[in-house]
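Quick notes on the structure that follows.
Letters are used for the chains, namely A, B, C, D and E, taken in the order the chains are written, and counting of residues starts over at 1 for each.
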Amino acid sequence: MGRITLEGVAKRFGETEVIPPLNLDIEDGEFVVFVGPSGCGKSTLLRLIAGLEDVSDGRILIDGVDATPLSPAKRGLAMVFQSYALYPHMSVRKNIAFPMRMAGLDEAEQKRRIDNAAKALNLTDYLDRRPGQLSGGQRQRVAIGRAIVREPSAFLFDEPLSNLDAALRVGMRLEISELHNRLKTTMIYVTHDQVEAMTMADKIVVLHAGRIEQVGSPLELYRNPRNVFVAGFIGSPKMNLFTGDAAREYGAETIGVRPEHISVSPDSGKWKGRIGVSEHLGSDTFFYVEDTGLAEAVTVRADGEVALRHGDTIWMTPAEDKIHRFDANGDRMAP
Amino acid sequence: MARAITPRRKAIMTVIAWTIGLLIFFPIFWTVLTSFKTEAEAVATPPRFLFFDWTLENYAAVQERSNYFRHFWNSVVISFGSTLIGLIIAIPAAWAMAFVPGKRTKDVLMWMLSTKMLPPVGVLVPLYLLFRNTGLLDTRSGLIIILTLINLPIIIWMLYTYFREIPGEILEAARMDGATLKSEILYVLTPMAVPGIASTLLLNVILSWNEAFWTLNLTAANAAPLTAFIASYSSPEGLFYAKLSAASTMAIAPILILGWFSQKQLVRGLTFGAVK
Amino acid sequence: QDSVTLTIATVNNGDMIRMQSLSDEFTAQHPGIKLEWVTLEENVLRQRVTTDVATSGASHDAQYDVVTVGTYEVPIWAGQGWLVPLNDLPAEYDVDDLLPAIRNGLTIDGELFAAPFYGESSMVMYRKDLMEKAGLEMPDAPSWDLIKQAAAAMTDKDNEVYGICLRGKAGWGENVAFLSAMANSYGARWFDENWTPQFDSEPWRNTLTDYLDLVTNYGPPGAASNGFNENLALFQQGKCGMWIDATVAASFVTNPDESTVADQVGFALAPDNGLGKRGNWLWAWTLGIPAGSQHVDAAKQFVAWATSKEYTALIAENEGWANVPPGTRKSLYDNPEYQKVPFAKMTLESIMAADPINPTVDPVPYTGVQFVAIPEFQGIGTLVGQQFSAALAGQVSAEQALQNAQQLTTREMTRAGYFK
Amino acid sequence: MATKASKTAARLMISPAVILLLMWMIVPLAMTVYFSLLRYNLLMPGMESWAGLENYRYFFSDPAFTSALVNTLLLVGGVLLVSVTGGVLMALLLDQPFWGQGFVRLLVLAPFFVMPTVSALVWKNMFMNPVNGIFAWLFKTLGMQPVDFLTEAPLMSIIGIVSWQWLPFASLILLTAMQSLDSEQLEAAEMDGAPTLKRFWFIILPHLSRAITVVILIETIFLLSVFAEILVTTNGGPGTATTNLTFLVYVQSLLQFDVGLGSAGGVVAIILANIVAIFLMRMIGKNLDA
Amino acid sequence: MGRITLEGVAKRFGETEVIPPLNLDIEDGEFVVFVGPSGCGKSTLLRLIAGLEDVSDGRILIDGVDATPLSPAKRGLAMVFQSYALYPHMSVRKNIAFPMRMAGLDEAEQKRRIDNAAKALNLTDYLDRRPGQLSGGQRQRVAIGRAIVREPSAFLFDEPLSNLDAALRVGMRLEISELHNRLKTTMIYVTHDQVEAMTMADKIVVLHAGRIEQVGSPLELYRNPRNVFVAGFIGSPKMNLFTGDAAREYGAETIGVRPEHISVSPDSGKWKGRIGVSEHLGSDTFFYVEDTGLAEAVTVRADGEVALRHGDTIWMTPAEDKIHRFDANGDRMAP
């Protein structure tokens, strides 16, 4: 079981309110991602849930029980830290055994769980190494192993992949998703990388300066961002946002079009521009188009290989039904 | 661990920490206090804490007996001189060990440290003869040479551990930028290591300042530093606690004040690579 | 004329420090001479000066031009040719005025090698008021039995009054000095005529047993680390009934500025056991000139000045008669002014009572009262002193301490080649 | 970094230090070894003669030798024990939040700046003196018999004095080390259910091990040659209760001016110091690379 | 000018041969990227060219002149390091001036070049700051500025973006490309990120265990990978590689199909499978398909949003003309 409910939870460090009172419901078995720019309070929120920080206001319920006064160890949650926080002087085996040793589990049970976790995480060959002798991805797995053996009611992850390189990050991302599919335990995952959020989450919580901007499934956020902030934050490459004449034409203060919703042509279209940089990935081509007459440069994505290069003139047409409109407050306007 | 610290807990910690801190400091405090008492009050039972006739007579007596400022100046010249020369020799050596390490580097370092274990009493007579024959007895340069040698291993070690933290890429960048070895060390490494060099300097000045064996045995009048000054108080006749305290205060005050003012710096460097 | 700078090594006692502050008189008289003072604690001084003198020998590169040496070193150093003879002192110096007991110890083969700055013996200093309270009277020449009796009577530990304070700190100049002198009065000796150590003899056993008895029962706590200075401080605070120590202490314990019992101090000769020797020693701090000095002439002028009658008068004028360096000149004790000083008479008598040439009841091959004037004595004395202090601290028994002392001494003497 | 040019440069740059230290080691050492084979007493010049190993035989048969050896080890070990455990505790304390942290740090640091002679004088005369010392007064105020520290527990007293001087050093290194501990590790342990004491034992202490080794190494270097404190307080006594090797060599070479014997003692002390050194280096080398 | 030629260059560290003798030609003005997995010798090769390591064998010619015996400073190359390697105690201005100061350029000229570089790199406002006061991207620019003012015949970059976060990385990537467009100086760029390699390079050099696997333009490598290694390395997500029956059907030992060249359908197709993890990015959807009957899991990319989820059954059909065939040695077979 792992239903976590925040009721009016707020956090102040001295005078500064880092998290204004907020409510949030996390269902049992959900994979929830907290996403937002650096410093927006994601880690703080996670640490409040973990019990590593005291709430300034409000209550945290775990499975309906008020956990606010409980110590971190008593909440039955497990956390995987950004820096892995492995114990450098203990072998992998000892690291994984540590929480069970603290709980006083008997040796046989410890061994059984360690073996299971090691098998599940492909760590069997490394059990006797020290963390210092492992690669980044392996360390990450040890940290997860240490969390798993406790059989927690929920896992908390604080940017667990940010210390890994790009290729490894993709692999680990899949592993964590698979783990969730298998264990079906609640997971709360913090990241500032919106790709991670989109690919992993059942439910994304977009945070901005401590406030919740939007809560929803990845596609909900992709399709109907509630405001300019979410629109700009979700999606890669970023949504193109235009103000001025281009927006006024649609009766809005700001309009947004995703790069993949603009079609290009060498000879005709709605907007004209000159290609600044073109990136040919084989599978896709990205153009960064300048001198468009619009205030901002435009990012465009074309499928496959398109034979246009730096300096070429290009015509672009947005898909009309994929245009997002926002009012002066940055809020989404009804279609 | 950034959970709310209750004011109560903080108050308790404050009391404990201050008590222990004051206890540790008490001998020094008491010495300073006693130096302002008359000899009779210095031994009074029960001890007088603050209510006594403050007097400077002990300082006057001490100054009359020996020229404090000359000893003081000798201490300054010797401790800073030896440390600076040590640094000049140690910086290149530490550069080599930190950035071009070989299989032997660690052994060399450990060997250097082991020279510090040479018990001075065992070699006093040979060195005394050597100093006499080279006219270095009772000269500041003689002491500077000895203390440089004594402190060199520590200086090298401290710098080495400090340099190791500096990414080699920066020195390579300088090399790519056309810097010669000299400008690499002079313009890039040394300024970058200023905090480390400063704490090395401080620690070794303190060690040299307090070095009492060689400074006492190889000087007479001209080069005698404060250690020799204090040696004349280790058992004068009659009641002497107050005078002893005054002399002690005068001997330790300069280095204590220097140490206090620069303690951040000192503490930061005092890790000998123990902290990564 | 070029000015010369004399480097003078002195011990850090009151008289020497007084000399330092009055040395402007000397430099005023001798404009060509500058003085440079190195004041050190006794042990350090001895070590520094010995190293310097011994390594420089007669070559002209000694660091010190005038050194303060004790009566122990003078004959040894003079024998090595490390000191400049002082035969040609000016007539007004009046060598013959020096007390013979002191002068003899500084004269080797008829040549004077050091000029005495002050001389001392040891005597009993006691508290008249406490003696009265105890219903006892201190004769001028007490016996050890009386001392024991008085110590017992005066002790009042609850009020921190201890019957007797004696040296207990290890060191050949500390507890060994006292115990050797005491042993002399018990009829003991360090060596027999063949240099065989005598610690296994009955007189030594008695000496040490009595000493331990006195100090542990009637002495202050911590006696095993008390030396001259510690006891002086105790006596000045009124915590000692009696104190047997150097005569120079008299001027400190009678000085009302420093001593709380200044007007209650009485003096007596060191005790005896009726064997013809008293338990007092003889010591003098003297000024000598290392053979390696580069300024022998100027140094001689200084030495002559510092130990002259003129200097005595200067002190008397500036600091009062009680602070004059005592124990070196007959003329001082003939001076009616000085005779008014309470301890003058007893100091002189104590000095006269010491005989460094024949220090013991039984004959010995050495000179020196509380020391043996051989180079090895410093080391042996230190080792033996450690044993005595260990006994006082209760780490070993008296018997064991003496046995150890015997062994250690035999060992050292063997190494030094005294027994072929 | 690893071009031929830079390797040559490195050799050149390290050589002044190496040559100087080699000279510093070899010249006095060679002289000492040479003197140790002579019958040579400063007070009896002109009598130097070849003595072979006699000085060594004599030194080793000195009844004080064994106790000096034991005392040296006890002194080093005792001070290490006190300053390291004390240092860990101080570091824990100073790491806590409280008012006036900076000031307390200054207070704790202060003994490090005090000359050994001064500290010994102050402790001996103003604290441990059984009549006039502060401790004696305290004991009396509490109605107890004053303890005569330097007589009854001489070595312990010296260990105390020396520990006082070295406690700041240990405290500060350990404090820095403690502060370098990634706070996430402690939090992880907390999440894992380890209470305070277990966090200390399983996380903090192992983290400090490297710093502790360094403290041990550096302090040992200085503690092997503790001298001034002994000279000033007990003169090696009572008996030989506080005579360490350094002091023994001092007694022999500087009190008796027996250069031959003193040199033999010096050579022995150097050898012993190096045994300790090798032992330490092993330990350090292992711990420093980790 | 900046033509760099490696002739039989090899590097051994002690016994281990990190780079077996290799030849390589880099034309003036080219943007060459060295790419390969971690530890394959990319940095070593770059450092050999820079002169920071001695070659064990062979010669390095710069503009036809043998540069092998020259010190790094004499080779007229500039290098930008992964850690930026800025001098922390110098202001940005001083950092940029440093190489000119070492070369003894006169003040006026120094000033002129610094101002130019600062303008080009948008650093004018930060010239008096210390590196510690700059953000990651700004530091990166300072490092580039320091390289530019030397007017080198070639720039060497060693993973210059790997310390930046994802968003910044994209921005800096564009800036470096623009810089190259403007300066037209030879650039050698090391990365292990194949996306960077594809988007920036004129010519990619794929390294594997010190050996050169293939040299060519990004699209050449995308279209015609010379062997299995290059096929697997270039392209994101990775090409699917199948052995066994699936390959034998095409008369090859191994066949490869890129995820974007497989079309999916809920009801019919060539291969059938069950979706393990699905990643819905809005713009694209990635399926990791299991239980396919093939030996390996298959990665598939579909444009836009496809309404299939974890556990659903899926049918996949590869585009026949986009299938790559490899022989038993892993080498490409003629079509």
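Note that in this section a contact is a pair of C-beta atoms (placed from the backbone, for glycine too) under 8 Å apart; a residue touches a chain by one contact, two chains touch by 3 or more.
Keep in mind that what you see is a predicted model, and the values were worked out from it rather than measured.
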Determine the shortest chain-contact distance, in steps, between chain B and chain E. 1
Ordered by label, the neighbours common to chain C and chain E are B, D
Farthest chain relative to chain A (centres taken as mean CA coordinates): C
Give me the superposition rotation angle from chain A to chain E, based on Cα atoms, as a multiple of 5 degrees. 175
Here the gap between chain A and chain E, centre to centre from mean Cα coordinates and rounded to Å, is 26
Could you grab the centroid distance between chain A and chain C? Build each centroid from C-alpha atoms only and quote it in angstrom. 89
Gap in Å, rounded to a whole number, between the CA centres of chain D and chain B: 16
I'd like to verify one number: the distance from the centre of chain A to the centre of chain B, where each centre is the average of its C-alpha atoms, in whole angstrom. 53
In chain E, which residues are in touch with two or more of the other chains? 52, 71
Can you pull out the residues of chain B that are in contact with at least two other chains? 1, 43, 124-125, 129, 172, 231, 233-234
List, in ascending order, every residue of chain C touching at least 2 other chains. 47, 51, 55, 233, 237
For chain B, which residues count as touching chain D in their complex? 1, 5, 10, 13-14, 16-18, 20-22, 24-25, 27-28, 30-31, 34, 43, 45-47, 89-90, 92-93, 95-97, 99-100, 102, 106, 108, 110, 112-127, 129-130, 149, 152-154, 156, 168, 171-172, 181, 206, 209-210, 212-213, 226-227, 230-231, 233-234, 241, 244-245, 248, 251-252, 255-256, 259-260, 263, 267-268, 270-276
Residue numbers of chain D touching chain A in their complex, please. 182, 184-185, 187-195, 198, 202-203, 206-207, 209, 290
Per the touch rule above, chain D residues touching chain E in the complex are 1-5
Residues of chain D touching chain C in the complex: 41-45, 58, 61, 63-64, 124, 129-132, 136, 145-146, 148, 150-152, 154, 231, 233-241, 243, 251-252, 254-258
Per the contact definition, I'd like the list of chain A residues that touch chain E in the complex. 162, 165-167, 170, 174, 177-178, 181, 192-193, 195, 198-200, 218-219, 222-223, 234-237, 258-260, 276-277, 279-283, 286, 288, 301, 303-305, 310
